[in-house]
Amino acid sequence: MGAKYFGKLTLILFLISAVVAALLGAVNAITESRIIAAKREKTVSAMKVVMPEASSFEEFGYKGKDPLVAEIYLAKGSSGSIGYVVKVTPTGFGGAIDMVVGVSSAGKVTGVSIISMSETPGLGTNALKDSFREQFVGKSGTQAVTKDGGKINAITGATVTSRAVSKGVTSALEAVAALS
Amino acid sequence: MNIGKQFKDGLVSQNPVLVQLLGMCSTMAITTTLFNGIGMGISVLVILTCSNVVIAALRKVIPQKIRIAAYVVVIAGFVTMVDLLIQAFVPELSKSLGVFIPLIVVNCIILGRAEAFASKNTVPAAAIDGIAQGIGYTIVLVVICIIRELLGSGTFGAGIFGVNGGGIRIIAEGYPALFLILPFGGFLTLGCLIAFMQWTANRSADKARKESEAAK
Amino acid sequence: MIARILSISLGAILVENFILVKFLGICPFLGVSKKTDTAVGMGFAVIFVMGMASVFCWLVNYLLLVPLKLQYMQTVAYILVIAALVQFVEMFLQKTMPTLYQALGIYLPLITTNCAVLGVALLNTQYNYGLIESLVYGVMGGVGFTVAIFLFASVRERLEFADLPKAFEGFPIALVSAGLIALAFMGFSGLKIW
Amino acid sequence: MENKLGTVVSPSPHLRSPAGTRNIMLDVIIALVPALAASVYIFGFRALAVTLVSCAACVFFEWGYRALMKKPQNVGDLSAVVTGMLMAFCLPVTVPYWLPVIGAFFAIVIVKQLFGGIGKNFLNPALAARAFLFSWPVLMTKWVAPFSYSSIMNIFGGADAITSATPMGALHAGLLPNATVAQAFLGEIGGSLGEVSALMLLLGGAYLVFHKVISPRIPLAYILTVAVITYIFPKGEADRLSWMLYNLFCGGLMLGAIFMATDYTTSPITKLGQIIFGIGCGLITVLIRYFGTYPEGVSYAILVMNTTVWLIDRATLPRRFGGKPKFDLKGGAR
Amino acid sequence: MNNILYAILVLGAIGAVFGFVLAYASKVFAVKVDERQEEILSVLPGANCGGCGFPGCSGYAAAVVEGRAATNLCVAGGAECTAKISAIMGTESGATEKSVAFVRCSGMKNSVKKYDFAGVSDCLSASLLPGKGPSECTYACLGLGSCVSACRFDAIGVIDGVAVVDKEKCVGCMACAQKCPKNLITKVPYDAKVTIPCFSKEKGPVTTKMCSVGCIACKLCEKACPLDAIHVVDNLAVIDYAKCDGCGACAQKCPRKIIKLADMAAN
Amino acid sequence: MFESFFGDLHPHDFKEATSGKASRPMAAPPYVVIPMSLHLGEPCSPLVAVGDYVKMGQKIGDSKAPISAPIHASVSGKVIAVEPRLHPNGTKVMSVVIENDGLDTLSEEVVPHKSENLTDPEVLCRIVREAGIVGMGGAVFPTAAKISSSIGKVDTLIINGAECEPFITSDHRLMLERPEELMEGIRILKRVFGIPFAHLGIEKNKPDAISLLRSKCGADIKIVPLKSAYPQGAEKQLVYSVTGREVPPGSLPAAVRCVVFNVFTAYSVYRAVHEGMPAIERVVTVSGDAISNPMNLICRIGTPIERLVEEAGGFRGSPFKLLMGGPMMGSAQYDLSVPVTKGTNALLALTSRRDRSVKEPNCIRCGRCAEVCPMRLTPMYIHMYEERDDLNTLEKLNVMDCVECGLCTYICPGRLYLTQSCRLGKNKLRSAKEAAAREAAAKEAAAKKEEEAIKSGK
């Protein structure tokens, strides 16, 4: 038990780690592009939902201060820019809600789509329903639930989530308004 | 080597969840839909089998002192591979299992089997052990999932079939007991399941005893 | 910064308790909770290891993995760090501080395979916490674990006097009790002070 | 062969106080009647119907479980009736009748009898059931305004009355409710079935204290803690005094402090322990009311403190007669 | 490809570093432990599940070695594991002659009852009552079963008011004897052919009045025994099993027929 | 009968049945059974044999042990048996049975102690011992031993006239009927201890006794009215009520410089000194709802209790329990032949109407037992840990402090036998300690033997 013992332990753990790393690297090389694509696909398809006429989306740097706004994309239709899609992350009942809001050039909501949320299933997740999201279409300005004096009908039993989504839409509208 | 016994151990007498009480975290955290359960079960099955094989193969090479570290690296390697593959090919599953896929690394079942079985047995035996234990795990997971999803969300198989992957609705919306898909429900369901198992075990033991006494 | 630390602490202890809400570290929670004394010992060991793991994993991540774009290896690297760290600390304590080892060290092997430890490292990364925040989250997550296991152990001590159906003896009733404690702790959900 | 005298031999003492478990429970039921009456007056007969369903279900499950498990029956001690009443008291009057039945199952079978029945459970059955019933949050938060619901028909009719805000919702938002303090005290406000009339609850509490069923330690410690904190730290622009008073009279504080935090089985038995328990409940209640997502924190505060009872008792065992003070400066802890 | 190289280097380096550190630590911090502890650790499943109530497998192993824990606590390992641990600890029951518990009383139903009693159904409790319990005979079994609840093997039960040991189930741990306030339970060989279920040390006439199956110390058995295996001590006949061959001469002579032969008892 | 509100510390006292009636001297019975154990400590050996003629007040039993008191004949007549007889404690105890000749011929030993120096503690101790005086408050501890062990260590003399147990009024009647003699007895004790004045504690439910004694006592005896609360008469509680001092656990009142005597004890001291009469008589309250005509009887030690029942008009209805002593601490009897002893302050017969025990006692954790326990214990926890034989915890719960007052059992709505649990706990703890001590001694002996063997081997 001397240098040999040290060397052996070191070497073996090194070898195992190295082999594992190599394999991982390989798997990563295969999957990396797919993972990115899968993520992007999800966002893009969500963006398509909120702005169906758009044919492509272009990343558009957001320089505002609103922490809820994550990214802004310029939506391009057949005849050039037709509006913006804003990715916002308001906080709901169970954490951040990832959602995109389409805003037309006229500053009106064209659609709201939720990419992911960790709200309570059967309660907060009702925000995924069309009936709730469609309330926002065509709206502009500050959005709020009826309880808070706004026009949005909150989901029963999930006022917190409804508030969060409304806040997200408001932020998106403000962010776009600030652009022009 | 006795394949029958190994399977019986994995499924019943040494069931990792119900008897050995291993891997509790994921068993309770993700068992809210059948989709999650099957996904988790299969992931664990694959990882368990692979790591069992590798560890059994290396069992003569790895010195005692770095045993745990070495096992852990091997296991973590497989976990990450599975994680990456799931992210790439079944992103929805990755989303709903979240941090619990990487946490398979510390799922006590895998390290437990590595230490208890793979490090002392041949490669084929280790492989079979991995499969048997993995299936035992998956079955229990699926049972818990079905109960919790049915009573908690009122659906069956959300994420697998049904309109928009919403599953088949069995209990009308607004009636299921929401809390069963929360942590509370996880503890309660598993507790009742194990109690049920102990009850059947007691009953069959009682029966056996009565029979033997009657025979006397 | 102080508000941030307090808010992380409150979250980790009450609101998003590792055991009762996040479901991380259930095995030792169920296993080492028969007596309050052992439960507390385990709790302190977890605090210690979660704090250490948070720091070391943060260092490995931001000094090695991120610059080299190897984030996909986080899990492997973290668990290796944790396993080695725990084993090292155990040996170290056993030799140099036998009394502390008696109090803490004996729990250490149990912690390597504890979801809470790897979990905290992964969550630190997921939440983009800085070094200090990671440390706070790790330690406070451990405190949350300790609170939960201490209460649970006291409830289990009381359960020794309960009159249970045979089928529920042992783990089933422990699980049901843990569930009921989780139910009580739901009152803290969403608590936000700072 | 028997001895000629035929007397029974037993260890001393040979006298027992007249108060058995059943008398005590009967007293609690009597103390709850004024609040129930107020509730019927304010919300109509449906309040009574919900309470009866809840009690009947509790008694049924208590009896059924013990019959099924072949254990000696003790439904006669009436504790299930108390549980039933108290559980009904923290539900909205609009709940469909199947909800208290499920609650009764949870309270009696899972929380109480599974652990061995009266005296053995570690959580308050009624409160645990209420917490569990939030599995149906929509049903559990359908509140009605006082007196909007008093026709006899509503016993059978569905719960179609208009949902209305409760004072707790306003307080949660940092606003004062639009009822007067007097209305809040008398109970002309929305809220759970039995919690609305602070006056009637206090009456019941006085009865219990007078009959020595409960000691005032827990309720006083609890209510005073809430009073002090809400007075020192009012929320929003409210003036201290009315903020404090609304916080005391609205929501479940009185019901919880007088009838639920005092539940024997789930509260400490030592005097000091009871005070600590009450203060703990008060602190957590305010914490949840001020900073939590739920507007009301009483039930969770009591449940959380329930889990600490064993520890509190152990830490506060009374100083033995003739023993050294627990903490004397020289000797340290006993 | 660079990426994979980095991966290998980084993870390999971490591995190597820790391999070295652990090797170093294992030398520098080496602590001698009981070999049996290592052995036990190696037969434990290593799941560190804590099911045994100890902090992890090594905690349990240490506890077993130090005698603080039984060998059968590992939930994950099951019976197999228990057997192995017992083997390591050398606690398998040796080949000593099996002995079982025996209750030296035939029961209150045969003896005069002094009074009805109320209170805790517990033998010690009843024995503290005035008159040391409801039976006129202060030596009699109280039949309240304190011994029954002490037995972990379900080997003793109260039948017709007197405790009776099922010698097939009894393992001779004598946990029951410790609980009996009347000290009625004693050890007898598993194959004892003759037993005397009485413990009354009262003088003959007193016993006669109290109990129809009590030893009256008449000494007829003593005289009948060809092997000098039975003696009356303190007004009570006692068998010396080292000498007794089960001939039954004493039983035949006993005027009260209280000496039981094994084959008779079986009926 | 009206009973007090539950939860009250003070059980309804039922004293009115006998408190207003003058005590009635009872004719001596045809024969008396005098057990040789009428006190705490070593039993006496009989000094007489069958056939002997004894006179009233003659010493018939004595022992050399330091903790003991001699026993005297309570009638004159022929000894007809010296054999074990049933004692109220349920065991058979060597007893002297005397056939009463009805003459009550006084023994020559009975002479007033006039000439002796009564302030000398040694003299007084001798007189008290020779008179066979033991604590008449129930503990039957030899009074001479108590005096000699406390002399010089106390600054407060407390006379116990609390009589807190329900039903019993024997001390009450004594105070009303023999105030002068009582005062004189107290003064004798006071002088012995060299204390300027004595405290006489009386519960407030005896206002007549308080006012009577107040009018009779001088400045040297202070009447202390006490709250009517069971167990006000228990030594430690009485010391606390009178002086505010708490007797430490496991100690006697002398540890806080107090000494306590029962009123009947003080009265007996008076009689021994001024009349030379040993303790052969006492007042017994015969009461309870199964007794036709409840009353206080002055009766001879050794009278079979069946005579007392007869004297009080016999049973009314069927007695469910027959108690010697009060309902809280007295012991249940099952045989009417047992004799009155020096500690018998009451004989009670109760009907089943008052039996509130249930088949399945069940603790509801109401905490009342802990609230009422005068020693501030937690009986419900003691019960729980006693059931599981957890001796360590029992010790931590101070089970040894329990004075077995019975209050916890009285108050318990779940109808548990808490006092019995405490007794069992104490019993188990004591036997465990004894076993441990025995084991330690055996080990030591073995070690010694080994050592010796080694030595001798060398």
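For the reader, a short list of remarks on this structure follows.
In this document, chain identifiers A, B, C, D, E and F correspond to the written order of the chains, with residue numbering beginning at 1 in each.
Basically, a residue touches a chain if its C-beta (ideal position, glycine included) is under 8 Å from a C-beta of that chain, and two chains touch if they have at least 3 such contacts.
Computed from a predicted model, the values in this text were never measured in an experiment.
Chains that touch both subunit A and subunit D: B, C, E. The chain with its Cα centroid farthest from the Cα centroid of subunit E is A. The greater number of contacting C-beta pairs, out of the two interfaces E-F and B-E, is seen for B-E. Here the chain at the heart of the structure, going by C-alpha means, is D. We define each chain's centre as the mean of its Cα atoms; on that basis subunit A and subunit C are separated by 30 Å.
Distance from the subunit B centre to the subunit C centre is 22 Å, each centre being the mean of its Cα atoms.
For this pair, subunit A with subunit E, the centres built from the Cα atoms lie 68 Å apart.
Averaged C-alpha coordinates give centres for subunit D and subunit F that are 47 Å from one another. Residues of subunit F in contact with at least two other chains: 331-335, 355, 357, 417, 420, 423.
Shared contact sites, meaning residues of subunit D that touch two or more other chains, fall at 3, 5-11, 110, 117, 132, 134, 137-138, 293. Residue positions of subunit C with contacts to 2 or more other chains are 27, 30-31, 72-73, 76, 80, 84, 87, 112-113, 161, 165, 168, 173, 176, 180, 183, 186, 190.
Put simply, subunit C touches subunit B in their complex at residues 20-27, 29-31, 72-76, 79-80, 83-84, 87, 112-115, 117-119, 122-123, 126, 165-176, 178-180, 182-183, 186. Listing the residues of subunit F that touch subunit E in their complex gives 88-91, 331-335, 355, 357, 417, 420-421, 423-424, 427-428.
Partner subunit A is touched in their complex by these residues of subunit D: 137-138, 141, 293. Taken in their complex, subunit B has these residues touching subunit E: 13-14, 19-22, 65-66, 69, 73, 108, 111-112, 115-116. Subunit E makes touch with subunit B in their complex at residues 11, 15, 18-19, 22-23, 26, 44-49, 51, 75-78.
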